[in-house]
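Below, chain A partners chain B and then partners chain C, in two separate complexes.
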Partner chain A sequence: MTERLIEVAGVEKAYRFFRLTNVSLELEAGQIMGFVGPNGAGKSTLMRILMGMARHDRGSVRVLGHPIPEQQAPAKRDIGFVSEDMRLHGNVSLAWHMKLIASIYPAWDATYADVLLDRFNLHAEQQIKALSHGERVKATLLLALARRPRLLLLDEPTTGLDPVARHEILTELMAVVQDERRAVLFSSHNTQDVEQISDQIVFIDRGRIIDASDKETFLDRWRRLHLDVPAGVELPALQDVVETRTSGQIAIVTTKAYSPGLETIYQRAGAQVRDIQRMTLEEIFVANVMSNRREQAA
Partner chain B sequence: MHSDLVISQADRRPMYLQILEQVRRRIAIGDWQPGDELPSIRGLAASVQVSVITVKRAYLELERTGIIVTRQGKGSFVADTADLRTRLQHGELDEHLSSAIEVGRQLGLGATELEGRLRKLWDRKAPDVAGKDERER
Partner chain C sequence: MNATLVRRLILMDLYLMRWPVAGSLLAGSVAIAMMPLGAVSSYVGSVCLICVLVILNIVLVMTFIVQEKKDKVQIFMLSLPVSTTQYTAAKLLANATAFAGCWVALTIAVVAVIDASALPNGTLPFLLAVLAYLLMYYCVLLAVGLASDSAGWHATVITIGNVSVNFLIPWLWSRPSIYQNRNSPFAVWSGDIVAVLAIEIAVAMAALGLALYVRSCRTDFV
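What follows is the complex of A and B.
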């Protein structure tokens, strides 16, 4: 049986101007999960809850089998957490940080750390304050990766990075799941990174998980149909159609549950299917968020 | 086995299909021989930088169509069937012809007109072969 490294069920957390509502998700060993949402959707809040840095009001959280926040100490020994607001000391070198982490975590892999220095193009002796933004992100990531933790929690690891640095980081994340006992959860609003390397995808908006599935299912189910709709023809209202845009005799229909039968339905209604297009994860994400917000407003 | 597959995000085909087609191509041109071991799913995923689940899906599809076989705990191998290469090449040809038919239909061409077009292109591209063909008749 595959082991679940993260189990979140019915988690609620209320702040003055923001709340997480009924958040549930599971991450199995061997997988990469992409956590996608607009700014302020609740991605960082959930990461902080997983780390025991914020306490949820309701629901249950288990990480690496340990209930959180009660048993966060043993869980954290095997979690590598990287977030934007983690600051390295500016007046010392990266080597100083490496030595510090190595003294705390016995699993520190000095050989791998050296390999990462080389792959990330970093110099251990350089002062942190002399590093660029991208180098600083890579340095923080190096400190987490070289501990070889079973679970990596990465909050926006690729935000603000150039394409080469992003490539270097994605390569290392893929390397992590060469080991089927390990897993990665990373949040991002860069859907391209998520689409490329994630096995599981979770969409979050305004504190709610609005959709979650494996990536192949997402990309398979969502389609855009271009239809010719002659005057007088009425398109049937279908449950899984999230949006219909009409202009003159042309309609563009977005569905979240495509099957070839859909064409027949439209053809029987008198419309003609001109084109069926797959959607990128970004298009799916935006369509999903917008349709969900319309539903919430209704 | 060395796996220099390349997938492109600008390609409109889904990533699993790009992988599937490149594996098929390798086998069709004989780079990968019947019985050869394929790269592991996780290994290939890391080397082309796509999700494990995407490579898994491509392999499942290749298995379903009898192009590869997966032995539990041992890995995946190119199917050891004698006519696999020819079958794949014929499949490829059919795919090209099908898309030609599709374009032909959009232009309102029938089967005879398409045949004529094919004959014309054949003569232009390979006059020697065509000539020989004529003489033999």
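What follows is the complex of A and C.
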């Protein structure tokens, strides 16, 4: 049986102007889960709840089998956490931080740390305050990776990085889950990064999880159909169609549950299917968020 | 595991605070060394010693607690295998050890210099009341630094703490039991002095206790 490294059930957390509502998710060993949402969707809040840095109002959270926040300290022995806004001590070097982390985590892999130093083009003796944003993120990631944690929680680690730095980081993350006991939860609003490395994807918007599935299912079931709709023909209202845009006799229909039967339905209604397009994860994400917001407003 | 880790975090913080602590010990020692050199030197030395302890207080709390929160270094520290309570305890103990260590060393030096020089021992109770005020001021600022993220509260405590010493000194001299014994060859621990010291210690303890309580009630730490 596959081990669940994260179990979140019915979690709620209220702030004055924001509410995390009924969030549930599970992450199994060997998986990379992409946690995608616009700015302010609740990604960082959930990450901080998982780390015990923020206490949820309702629901239950277990990380590596430990209830959070009660047993956050033992859980964090096997978690590597990196967030985009995390800072290291500015007046000391990366080597000093590496020594600190090595003294805390028995699993610290000095050889791998040296490999990452070289791969990320970092200089251990350089003071942290002299590092660029990208170097700083890579330094925090090095400190998290070289301790060989079973679970990596990464809160927007690629935000503001150049394409080369992003590629370096994503490559390292993919290498992590070659060990099937480990897992990564990776939050981002950059769908390209998520699409590249994740096998599970969760969309969150305005504090609610709006959709969750494995990546292939997402990419398979979302489609955009281009239809010719002669005058007088009315397209049937279908439950899984999230958006229909019309311009003259052309209609573009977005569906979240594509099956070949859909073409037949439109053809029977008198429309002609001209093209069926697969959608990128970004297009799926935007369509999903917008359709969810329309449902909430209705 | 965690007692070891908390001790390591304390040692780490003490290492980071080593330069302000060393600088304060050096500057404080120079200030104390000036005290027996004459009336003007004694006054200048005393004022310099007060300044050294006030600056150390503000630097330790604002740089190593408040700024650490503001700069989000706290997120990194809380990603280590400690609970939020253990992290708070480590921060408080490290910071308090750094300040109290300096304070104790400089206070012992003041007592030793006064005892060994021609300065009358009768000034010791007054000086200790002022030094204890600085310790109390540190504890209150540390408490507010730990419990609150508000720059307004920090500025308020710093302003009141800095200004109040200007009221405390004339008030202490206005107490006959303190003023009349200032040139005595022996330290006279009058009821006024004991009451002032007791109040200062009580306020310091209450502030720290309140800060720990407020911190324990918080649900969000970053």
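We take it that the second predicted complex is superposed on the first by the 298 of 298 C-alpha atoms of A that agree within 3 Å, B and C clash if a C-alpha of one lies under 4 Å from a C-alpha of the other, contacts with A are read in each partner's own complex, and residues count from 1 in each chain.
Convention: a contact is a pair of C-beta atoms (placed from the backbone, for glycine too) under 8 Å apart; a residue touches a chain by one contact, two chains touch by 3 or more.
Because the structure is a prediction, the values reported are computed rather than measured.
Upon superposition of the two complexes on chain A, no clash is found between chain B and chain C, which fit side by side.
Of the two partner chains placed by the overlay, only chain B lies in contact with A:D199; chain C stays clear of it.
More residues of chain A are in touch with C than with the other of chain B and chain C.
Applying the stated contact rule after C-alpha superposition, one finds that A:I32 touches chain B and leaves chain C untouched.
Residue contacts after overlaying the shared chain place A:R278 against chain B, while chain C stays out of touching range. Here the apex is the CA centre of chain A, and the angle it makes with the centres of chain B and chain C after alignment on chain A is 150°, in steps of 10.
When the shared chain is aligned, chain B comes close enough to touch A:A175, but chain C does not. Using the contact criterion defined above for the overlaid structures, shared-chain residue A:R136 touches neither chain B nor chain C, since it reaches no partner. Shared-chain residue A:H89: touches chain C; no touch with chain B. In the overlay built on the shared chain, the residue A:R223 is in contact with neither chain B nor chain C.
Think of it this way: put the two complexes on top of each other by chain A, and the tightest Cα contact between chain B and chain C is 27 Å. The residues of chain A shared by its contacts with chain B and with chain C come to none at all.
Partner chain C is touched in their complex by these residues of chain A: 48, 51-55, 69, 72-77, 79-83, 85-92, 100, 103-104, 140, 144. Against chain A, the residues of chain C that register as touching in their complex are 1-2, 5, 8, 12, 16, 71-73, 75-76, 78-84, 86, 219-222. On the side of chain B, the complex with chain A involves touching residues 9, 12, 14, 16, 42-43, 45-46, 49-54, 57.
Those residues of chain A that touch chain B in the shared complex are 30-32, 167, 170-171, 174-175, 177-178, 180, 192, 195-200, 214-216, 219-220, 278.
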